[in-house]
Amino acid sequence: MADTTLSAPRARRSGKLNLRLWLPLLWLGIVAAAAILAPLVAPHDPLEQDLMLERLPPFFIAGTEPGYWLGTDSLGRDVLSRMIYGARIALFVSLIAATVTCLFGSVLGLVAGYFGGWWDRVISRLVDIWMAFPPVLFAVLLVAVMGTGLGSVIAAIALIDWTRFARVIRAETMVQSRMDYVDSSRIGGARRVATLASEILPNVMPSIIALLMLEMGIAVIVEAILSFVNLSISSDDPTWGSMIAEGRNAIHFAWWVLLFPLIALFLTVLSFSTLGEGLKQRFDPVLQ
Amino acid sequence: MLLKTVLIRLITTAVTLFGVAVVVFTLVRVAPGNPIAMMLPPGATEADIENLKALYGFDKSLPQQFVIWLGGVLQGDFGTSITLRQPVDQLVLGRLPATLELSLMALLIAVALGGIAAVIGARKRGSGTEVGVDLVSGAVLSIPDFLWGLVFVLIFGVLWPVLSISGRVDPRLDIDFTTNFYVFEGLLRGRFDVVGSTLAHMLMPAMSLALPLAAMIAQLLKQNLKEVLVQDYTTLARVRGFGETAVILREALRNAALPTLTLVGVQFTFLIGGTVIVERLFAYEGLGNMAIDAVINRDLPLIQGIVLLFAALFIVINLIVDLSYTLLNPRLRHG
Amino acid sequence: MTVTNHKTALDVIKLNIALPNGVRILRDVSLSLEPGEVRALVGESGAGKSMIGKAVLGILPGNLRVTEGEIILEGQHLNAMTPWTRRSTVAQTAALIPQDPLTALNPVRKIGPQIIDPLIRIHGWSADKAKARALDLLDRVHIRAPERVMNSYPHELSGGMRQRILIAAAFAPSPRLIVADEPTTALDVTVQKQILRLIRELQRETGTAVLFVTHDMGVVAKISQKVTVLFAGKVMEDATTREVFTNPQHPYTRALIAATPSYADLERPFSPVPASLISDLHQQIAQDDALYQGGSR
């Protein structure tokens, strides 16, 4: 009886799980390829302005110029080429910022959850204080303080979002530390830090990986938001965020400048979060 | 018992707020860029700069400045905005109603959309409809408010321009209200033109803020409804002749709603945090939009005031959520 | 099968219930209840005795299906009805006294509305009439201060009190049939007796037929006129209570009586149902199943 009721949904889930892994991977692969091969695949120089060719519509609308597939923006720059080069910055920020955030937050979470006591009290209070800030305003403020540039953007993301990791990992570490196998390992003479690394870390790893994927998507968005308020890197540089900002301003004249980077952002964020869920299910020993 | 809980909460709240004040204060003062220099016309003398510094208290040491500022804040004096030359509390309180109305509207939409999706999903549990609810809510959930805002700008602002994509209200309207709660005061005064225009401007930013939360509510509430719908009292209700929808609405919803309420409470603060960029996106004249201007203009007193207000708002909401959780659950109330 | 003008309260004819994989939970079960009669449905756990009542009331667990057989409630064929008519027919003529009073009342609603609501919304009574009826029945199940109880939440009341309230709620719309699904199992012994007496009293006064599901032969003797003994979803014996206790026909029935402390022969020690008998019965049923073709369509 139990068998029949359980096997049906699980079979369906594993069938969907594959698509859930492969579709996001496919899109992220395209983005990665565009980023790496940008100079080879981009039809134009992303910075090249040509006022004779401003606001050309994309290929499916009359009045376009051959070679400018997705049209041009208000300064006559090729939208497709800027998107391809924008993928470089998007991927760079998402990889570096998410990794830094993950390391920073996970370590604090592990320490708070495992050592408890004052460690936990201080870190938890810090998380409370951090959570009382509106994150976007905090990011804008941090970048304003540190000055614009890619480094500031990455630092701002890490300084704001570490709480996401710290909270989840702390809670999971606390649960894991109470389990028997940790006690037995400790009685066996293993040092505490070694126990943390050998017994607890592997068990919270699925959550860390899922959060890391989620964070990559969030980092892309935060970069876009900072570009949007003109605080990321110089506004000439091709980032999806700056294209969106430009598209928002020129929306009544050239909506495609907003549409295409928006689609790219949309798919990238969706891919990262779906991938995170899929990976979590795959690595979670309980769900296996 | 309840009093003790509240008291402990109030003390930790005070500690957190103090921490927030310290962080903001330090942060804005290590910022490069001299706000005083930006206020003066080119060619101002050293003496002019010193005078202004003294006026805003920037000539004192950081700890001294902090004590003076905190003392003022405790008396309701948040200083004067450097760029707008007005008391910060007036500026901030003038914008707060716009942000509050937007946030409440978004909350309302989120609860309505999420609740309806959850009830439909639970009603059709086990069917393709439920899978559909899961898939859609899963996708909607992972897209943040900023992107939804852009999607709406594109769809309803350009491709099918039925809604205004910037501002809070039609500027041609003559509004002589005593508060800036355009919706509430408009309703009280019977100025439905103002209410209508405000709501029309508010709809898209509110939807952008609401969608991710609506998806979260749909998922959690549906899950909890399904758990409640196997309880004996729902079975009994079916035997007594109530249809499945009636069972969900009358018997299950209130029992399943408690975890969702907690979620909504926690997420409401995130939603309010989201107003900052969404207001910017829709040029909506609220606190968040003002905050970004303040950061860009290095308006230190204004930044401090706004961030502190946001923090206080978040903490008060969390407190209210905790208390209402106790009130809505009869077992806790009498226990 | 024709339904005669003499209406039975309930007729279950050759009922089969199966899991999606075809394994049968009930095997050709037939039983009938005259109006005003109490029939005990007795068997060990897993015998499928609760499933009969659930099938009648239309609340089988999601993965179980009626594969064959007829259920006739007050002369009405339930199987032939649309879900909607079936539900309202059942609500008009039958009621349930559930097993566990602790989980059968909605924890966030007051007692009063939980009794009164169905009377108003399903049976179309006026609010005053429904309230008067609820007060009257609470009084009859010996609830003191019924007004105050109606205004309480379930967690403020004891388990025995809640079961009495559920009995009152079951009898409130004057049903022709009540399914009592092990209503005393979750209660302690002294309260059990009280509850049995209450059900008996109310059933006699109202002439309601009761299908009383239990695993306890002691309870059977106290409450029922007829007994159906069930093993592995199959009827072992169907007789009057007197016959069952004085002259049980089936070895399983005898074993069941012997296993009940107060009815076991005092000279012999208390004996559980012998394992050899159980395995014999299972073997028999497996042979029957091999021949069974119904429900496989």
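Letters A, B and C mark the chains as written, and numbering starts fresh at 1 in each.
Going forward, a residue touches a chain if its C-beta (ideal position, glycine included) is under 8 Å from a C-beta of that chain, and two chains touch if they have at least 3 such contacts.
Predicted model, so just to flag it, every value in this text is computed and none were measured.
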item: By mean Cα position, the chain sitting nearest the middle; value: B
item: Most distant chain from chain C, judged by the mean position of its C-alpha atoms; value: A
item: Pair of chains whose C-beta contact count is the highest in the structure; value: A-B
item: For chain A paired with chain C, centre-to-centre distance based on mean C-alpha positions, whole Å; value: 58
item: Distance from the mean Cα position of chain B to that of chain A, given in whole angstrom; value: 23
item: Inter-chain centre distance, chain B versus chain C - centres from mean C-alpha coordinates, in Å; value: 53
item: Chain B contact footprint on chain A (complex, rising order); value: 125-126, 128-129, 131-138, 140-142, 144-145, 147, 217-218, 221, 224-225, 228-231, 244, 248, 251-252, 255, 258-259, 262, 265-266, 269-270, 272-274, 277
item: Complex contacts: residues of chain B adjacent to chain C; value: 126, 231-233, 235-243, 250-251, 254-255, 329-331, 334
item: Residue ranges of chain B in contact with chain A within the complex; value: 12, 15-17, 19-20, 23, 27-28, 30-32, 138-139, 141-144, 146-147, 150-151, 153-154, 157-159, 165, 269, 272-277, 280-281, 288, 291-292, 295-296, 298, 303, 306-307, 310-311, 314-315
item: Residue ranges of chain C in contact with chain B within the complex; value: 57-59, 62, 84, 87-88, 90-92, 94-96, 98-100, 103-109, 114, 117-118, 121-122, 153, 155-156, 166
